[in-house]
Amino acid sequence: MEVKKIGSLLDSVRNTNPLVFNITNTVVTNFTANGLLALGASPVMSDAADEAADMASIAGALVLNIGTLHPGQVEAMILAGKSANTHGIPVIFDPVGAGATAYRTDTAKRILQEVSVSVIRGNAAEIANVSGESWSIKGVDSVSTDKNISLLAKSAANKLKTIVVITGQDDFVSNGENTYLNKNGHPMLTKVTGTGCLLTSVIGAFSAGHQDLFLPSLSALTTYGIAAELAMKKHSVIGPGSFLPAFIDELYNISPADIQQYSKIEEA
Amino acid sequence: MEVKKIGSLLDSVRNTNPLVFNITNTVVTNFTANGLLALGASPVMSDAADEAADMASIAGALVLNIGTLHPGQVEAMILAGKSANTHGIPVIFDPVGAGATAYRTDTAKRILQEVSVSVIRGNAAEIANVSGESWSIKGVDSVSTDKNISLLAKSAANKLKTIVVITGQDDFVSNGENTYLNKNGHPMLTKVTGTGCLLTSVIGAFSAGHQDLFLPSLSALTTYGIAAELAMKKHSVIGPGSFLPAFIDELYNISPADIQQYSKIEEA
Amino acid sequence: MEVKKIGSLLDSVRNTNPLVFNITNTVVTNFTANGLLALGASPVMSDAADEAADMASIAGALVLNIGTLHPGQVEAMILAGKSANTHGIPVIFDPVGAGATAYRTDTAKRILQEVSVSVIRGNAAEIANVSGESWSIKGVDSVSTDKNISLLAKSAANKLKTIVVITGQDDFVSNGENTYLNKNGHPMLTKVTGTGCLLTSVIGAFSAGHQDLFLPSLSALTTYGIAAELAMKKHSVIGPGSFLPAFIDELYNISPADIQQYSKIEEA
């Protein structure tokens, strides 16, 4: 893995300002838009079926997030997804809460059937649920070793024929053949809502204009995790309230040199 | 009132991370989720009728907030509320703007008819409107004495057979028999949108797993008000913009010792 | 242009706390409400057709923003707009993304046909699209000179019979006869989502209770731009994350004296 490539992908996001079209949940719209703007991308949000196909056709990447589903939004997701597929635009999918309710699990599976998805990002339980593995994180801590999560990422990537990104204490990217591990990040990310959702959209920003999304996905993870680490180094950060603006600042200020210095990537 | 009990209820929220299911308005979803996470609870937001009953059945508390109503959401609230009632899960209700439009007043009353609510939190005008008292805050300053608000809390609690929390310059909790007054808090809370809504959800976090919600409600008020006071003590806080992250930090950092030191609770 | 009048309009917002009713997009609801509160106005958000007319009738200004359109919301906008027209309440319109999709362009035109709008605020491309001028910003930098934007503002104001506000590197206000230019502001505003949307709502706050909205519109632009400049002077502001709370603080703290000292207004 040449870390320099990650830095040049970051530069490329900032130089091309890709339009990332997000059909996402109402909790994270503002945070996602601000995170994408800070990074250098151009966010647009909409969940209207009436413009979903049009908007997807002019986007650099489409992000589908099922965090606060409703029937009209699902229709918009399918229309946008099919339009993105037609136009060769990458689709990044975040199956928030798949497994928590039947509605979420069923919708996630429906999207995967009707839309060709390029990257799926979720926690281990969500990925297991959409890929049909039986898996439960809560209370089964012994199961969630790095080894097992790595195997889950690989098998899900093969089964779903996509790049799979599993985030948690460590983060994994697999294309079914190769699997990498990223150890950047900070537990404070779990104390701010939507940090997983924004990461999914950041993968979208890195993916625009690319065919093979393995390196863009790994680049997004690494950039994001280091930005969180840099934010936590600020003396003024004493909790999740002060972390949030500091993290957005770091997404804005992070440089290829920071990535070169701090990246923690391993083959899994 | 033993203030130590409030500290142990706070510890209990942090140790049990209760799932608080919020069907709430689109203005405050992000702020509410971040406030609950900072405090130690696990927030989930949804307003889909398709999963309302399922989600309520796995939650520790259900919060219904009518700040940006629409018909599908009302349906979700009723379904979630009935499911919570069936499963013995506390329902906390925030009748935002009841009295401002007929739609809000009617919906608030419909929810109170179809769902058994455990705690209602609102300002004096909202509580008066849902409990059928004639009351107007604007221009009738002489009426809103502590004495009158205390009586309103008590009569509404008796009429609606719930705990009633009325917030304003001072805050009141009544179960119809006992009424307590809390003087913690800071006027800057009125300059940030959704601080009332988040408080309602924090009452939800403190209520999870309890039968008698009088002390959990009073604990939520006290913790919340002291967190605001602690945030205002920071030199960097010079307006509502800097107050917001500082307040979230304090919800994260506040300790039982802070509560012991700063609580201002009186019998009303 | 007497700058002192801007300061007294700001004082008037703070003294009268006008109720600004926003039917706006889900990305900016929280930021808009917090910005309006900081300035001294009273925000309310709703997109329910069931209360749109009622809510508009009690508001000081109505703001319509099509950033995340859906059919029910459009219905609410029309109902609220007609009610505002009946009650003599100013309607401020933000045609977010007009021209990007047919749905947005068509909806913007429909609103302008069915509702009498007092002020429209957008970027040059949006204003051109709703006023039927052919215009494209991207890739046509030579076209977007101050001279041309000024002419666009004037012709759109005449065609649409409203005040037109065009924001960009410089900002323009035209009533079709007189056109003014404001050079306050800072590029960091473009790195935070919804700063255009909030500005539209701030125009609403300044417009409440006025018949001629030319000076209120110019006052809003000037106050907003100076607040951004003041925020950027803070040493703690190092990116869009720290800018956001600092900007809200400045909307809260900005004084008529600041406006007197920093305003950059010219006749265009």
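Order of writing sets the chain letters: A, B and C. Residues in each chain are counted from 1.
Here is the rule we use: a contact is a pair of C-beta atoms (placed from the backbone, for glycine too) under 8 Å apart; a residue touches a chain by one contact, two chains touch by 3 or more.
Just so you know, these numbers come straight off a predicted model, no measurement behind them.
Interchain contacts join each chain to each other chain, per the touch definition above.
Rounded to a multiple of 5, the C-alpha superposition of subunit A onto subunit C involves a rotation of 120 degrees.
Per-chain CA centroids place subunit A at a distance of 33 Å from subunit B. Multi-chain contact residues of subunit B (touching two or more other chains) are listed as 26, 30, 236, 244-245.
Of all residues in subunit A, those touching subunit B in their complex are 25-28, 30-31, 67-71, 97, 100-104, 190-194, 236, 238-242, 244-245. Looking at the complex, you find that subunit C touches subunit B at residues 26, 29-30, 33-34, 37-38, 43-48, 50-51, 54-55, 58, 72, 236, 244-253.
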